[in-house]
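Each of the next two complexes has chain A plus one other chain: chain B in the first, chain C in the second.
For the complex of A and B:
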């Protein structure tokens, strides 16, 4: 398991999620695998805040300025300057050595500051534990701990998802980001998100 | 723009409550998957190592829809069955031709332990449709069903009992055929009938199934999908993604924007039921601009064949006393008649003139090609575009791109919607014939046989089981075949049999995985029929609306609980996959295998007939039956398979366990039609279909556009109502999965232009009224450019679920909202093809 970074410390790896919007067929496999892998107890319980399924991934339908239908998948961006981390009064939200923003449930008071401060609105409350939830889920952390891909990446039938280290120039995510056009969400919010939306080559 | 929408959505902050509860120390227990990881290596999965570490790897075939993608599950050994003791993911072998999974596949664990899962056999206690049941034992249910069945068979004859299913026809045949009923009739007529008939008319039997001919996805350069959303199978999506990496262009022609089109594909919105016009417009451009493969046309199509003035082909019998009527004439070099069975043909494509017939008279003849040019003259891009509601330039562009990029037009799957769809398939195959891009890399290619023996089959009236059991079925013609000569399955014939007792009465009905209310058109009429039945038995995994109308409801095993072996479809390799049991049913669910259910009903009604298929009273215990009957059947099938491919049986079994599938033959190009003839009368790709002409169904053999006969054409401010599938909830079982209500929009889609004119805003409630059925329903509207103006769209299966258990369970509240398109369609049936339709026309007003 990866260690918790102290203030000012830089992570060894900068693990990032890449979602290729030009390949995504909006099939929802990632959204659902995320729940059944990480929060199987929520499989038939509504996430009351979003009135949706309790997944760490949310689907947002929209239309581009040109009138083209568009779908957006949003999840924790593992921000390098994460407002959720900055606002947590109890030090429960932290960045680990992989650059992942994580939660230490033992220190969390359930105060919800992190939930309200996240500009991406990706945190939700588990109705029983009353703890905030988001990507990465516990089981996904286990999956990646030994080099496997997280559930959403494995689930995707279109090869639209990837997870890897930005610090490694040879990682598949680095290669993708070098060779394809991509953007980050709410770029101007100053959060330095590590979730990349590929827009095609 | 995107960012604004995004911000807006994000800014709808929820009100946070109850967050004061401190959960110190609530560290979630390690879920214990980490120990499994060392056994997953780039070289493969170490199954034995995993076993030692306490994990089982189970390969299976997804059945959340009918596509059968490859899934793999990792299961904790010895753990009680629960969602927490299994992880399901797509089969990870890079050479699996059809790896899963989509959102429906990912809902499998939700279905498995759904609150809507059928748990015990149910016996109806209230009125039909009321949804009041008592739980009964399997013994009681099966005994009572057996007794009632006997009563019906003795009174009305075995054929009065009908059976319908989507995926379990062979299982149902285990009851139907020994009983003496031929009437196992699938959902085809509201799904694939039009395509099957169209392909049969042009290529012959054996080339008609929708999975037999498909684009070579991985290598396509350009693919046009008319009316197909490609929501399944996921292997096709996966392979198409690879082609896209190499620059392939993907185009959807559809009244509504398919989800798959989000992946940087082009979408051409068109008016429903106009695909034939679009395709003929494309063909018009191809012939006028001479963008076709003349060599292919001459050698492999019947366009050089001579036609008489009456539209029938000129045959040897016309020309010679005692000549063969199945041998067709062409004009050879030097103005000499030649026959299609001759060697080294060099026919004249453009001959027109007259020939002397056997009786000495002169008859004018012309080639089918000449007739095609005349026929296509009606379909100028401008005219075709007017019909299809697309710009004429789009038709011209698509034709040019198809030719320039050596593209293909996909031949569709679920295509039977408007009553004129057979011609749409014929139209698209006409375009493919002109392009000549068959069985080549990136072309339309053919699936080889896997040689996997079926469990049960019939040939010339003799039923044969893989076990060697065999008996005669006296009547093999189904009730739908008595009415519709070309049908592959028209369930409406069963409804007619119940209501009109014509051609004979149907009084008993068995359904397996058949959600009549979300499958068949004209729900009001279906209800009338259901009410009249003497016996209605439904076997299913979850509590569908049809259950509320059934006398008995029997819980079936779901795919995660089954062992089976099956062909992998929609691939041009010969691949067979193994379905291994992943888990037992969840606690409290007493589900049984479909085959066992059928056999036990048979045994309880007629023990001696059960013996005909090798089922005896000592097999009434499910575990014993699985060890004896089922095990033997599956072993024999694997043995037959290994033998057919000359492979070592033990090796084959080991490979199935390890990988979950075996590819016995890789994709090969250059087969049909180059080295193997089509099964059409001429052995060629019949752009001019002889079969319907020779049988008197049609005046000529070309695809033609005519207005959809299946519904009243909508006029101003009336709408076409069309439906389509979502890869999240678009199937009978997945439609009832808990997350479907959140992830699949069950509002009615209206184009912004229509909404504005009618004064309808986003999420407004409207009343929808069927022009043909008069059915009225209220639904909320999604105003979206994802549907063409003049048309309303809903996802099928995602709304209008009216069963009592859904209404009673607040968790599923949203599933009862929305509407089922089947309420509005009137069930028009084509008298020849038996094609039915679920599209409709409606009036829409603000509620």
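For the complex of A and C:
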């Protein structure tokens, strides 16, 4: 059971997500497995703002200058200096001792400040509960607490996703980040994200 | 060509018209409280109270989970969790105290309330200079808060500028002056106060014009992609009519033209009424257009 960190406390673990863009086949299994696992009631409903399936993973399709189709998968970056943590007026958004950015629904009034504060645009409003949803969902948190991987990691057929502790030098994510070229999104935003995009060997 | 990842906040975070109205009412109440230090009229205190009350009702009703607010506040207090790094919680505290002081001010002006023995203290307290200085400061800070509320939303690059609180204070002052002009039109204030207000308003309109154009120029010329998307929507896109017609045309040029006519030719109550309403509308359009044009930084691989 993870606990809420108080001001000045440092997390004992720094759990991070890794997405290997060089392995990804853009099948969308991670996006759908996220919804079916964490928000099954949203499987047939659209996230109106994004015009896509309501998932904690947002898929951005684009085309490079050379005309090559490109996919970017974005989700909560569990930033070490998370803007949503600073702006949430009621303390509903917090960091736990695993370094994960969490939401306490008891303390959320649905003001949307966390939504406008997130530079990655990864929070979406559940139309019924009006909670600002994001990675990780409740069921994925249960999976992780039971020592399993989150739904997206389990569902990926190409092995393009991973999740682990950056503080553990032997964890699979640490090894990947040590041996492969990777980058983080919006590095200049100063949020210290813990979502890594692997670009190749 | 539009970027693949283009999203305006109003479609996802839903900070739209009701928040624009909230910011407008806070601006009127906030800078109206500063004006009250100089113009201590009952009508002004009623306008401040009305604006604050309507603004607060609007912002609470906008909350997606407003029904959870009592539980939220209770959990916050019992767990000792106070996030004073959030401008929103600073604003909640400021507006609550401001509302309380406004109620005292209004009570001091209502004659039948002053006849009730245990409420007479409101009359003497609300006349004290120290009280009115604190009141004006709180009003000023409430207006400043309503600007920093946007500035702190770091997902929306168009808003990440300290020009917004400055713009909010200048335009809030214009709104307070417009209220004073309307009070003159309705015979609630002396002509000399109105003349001074018109001259002050002219200067503030010029500063507001410079600040609005500066806001657009900086975002368009030197801003990030997200800021440029927002500023383009304001300057030549979806919200261009609101910017050039509403904010600048109705909100600044009409009051400047009528203000100049008033100072150089003659004072006319119907024209001052038009000028005041135009100025108030412009202050609203400014808040609405800045809110609606807010977009995220497009993400690219």
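Keep this in mind: the second predicted complex is superposed on the first by the 195 of 201 C-alpha atoms of A that agree within 3 Å, B and C clash if a C-alpha of one lies under 4 Å from a C-alpha of the other, contacts with A are read in each partner's own complex, and residues count from 1 in each chain.
What we mean here is this: a contact is a pair of C-beta atoms (placed from the backbone, for glycine too) under 8 Å apart; a residue touches a chain by one contact, two chains touch by 3 or more.
What you see is a predicted model; the values in this text were computed from it and never measured.
Based on the superposed arrangement, let me know which partner A:65 touches: chain B (first), chain C (second), both, or neither?
first
A:181 in the overlay: touching chain B, chain C, both, or neither? Say first, second, both or neither.
neither
Now for A:120: first (chain B), second (chain C), both, or neither, which partner does it touch?
Touch status of A:120: both partners.
Tell me which partner A:83 touches in the superposition: chain B (first), chain C (second), both or neither.
Touch status of A:83: second partner only.
Of the two partner chains, chain B (first) and chain C (second), which one does A:112 touch, if any: first, second, both, or neither?
both
Looking at chain A, which partner touches more of its residues: chain C or chain B?
The larger set of chain A residues in touch belongs to B.
Check the residue A:91 against both partner chains and state whether it touches chain B (first), chain C (second), both, or neither.
Touch partner of A:91: chain C, not chain B.
Shared contact residues on chain A for chain B and chain C?
In the superposed arrangement, which is not itself an observed complex, chain A uses residues 21, 48-50, 60-63, 70-72, 74, 106-112, 115-116, 119-121, 125, 129-131, 185-186 for both chain B and chain C.
Give the list of chain B residues in touch with chain A in this complex.
On the chain B side, the touching residues are 1-3, 5-7, 9-10, 13-14, 16, 18-28, 30-31, 33-34, 37-38, 40, 69, 82-84, 87-90, 92, 99-103, 105-107, 109-110, 113-115, 230-231, 234-235, 237-238, 241-242, 244, 257, 259-264, 727-728, 738-739, 742-743, 745, 784-786, 811.
Quick check: in the complex, which residue numbers of chain A touch chain C?
Listed in rising order, the residues are 21, 48-50, 60-63, 70-72, 74, 83, 86-92, 104, 106-113, 115-121, 123-125, 129-131, 185-186, 189, 197.
Using the touch definition from the top, list the residues of chain C that touch chain A in their complex.
For chain C paired with chain A, touching residues are 3-5, 7, 9, 11-15, 63-66, 68-69, 71-73, 75-76, 79, 81-83, 85-89, 92, 152-156, 294, 296-297, 299-301.
Chain B touches which residues of chain A in the complex?
21-29, 31-33, 35-37, 40-41, 43-46, 48-53, 59-65, 67, 69-72, 74, 105-112, 115-116, 119-121, 125, 129-131, 138-139, 142-143, 145-148, 151, 154-155, 157-160, 185-186, 200
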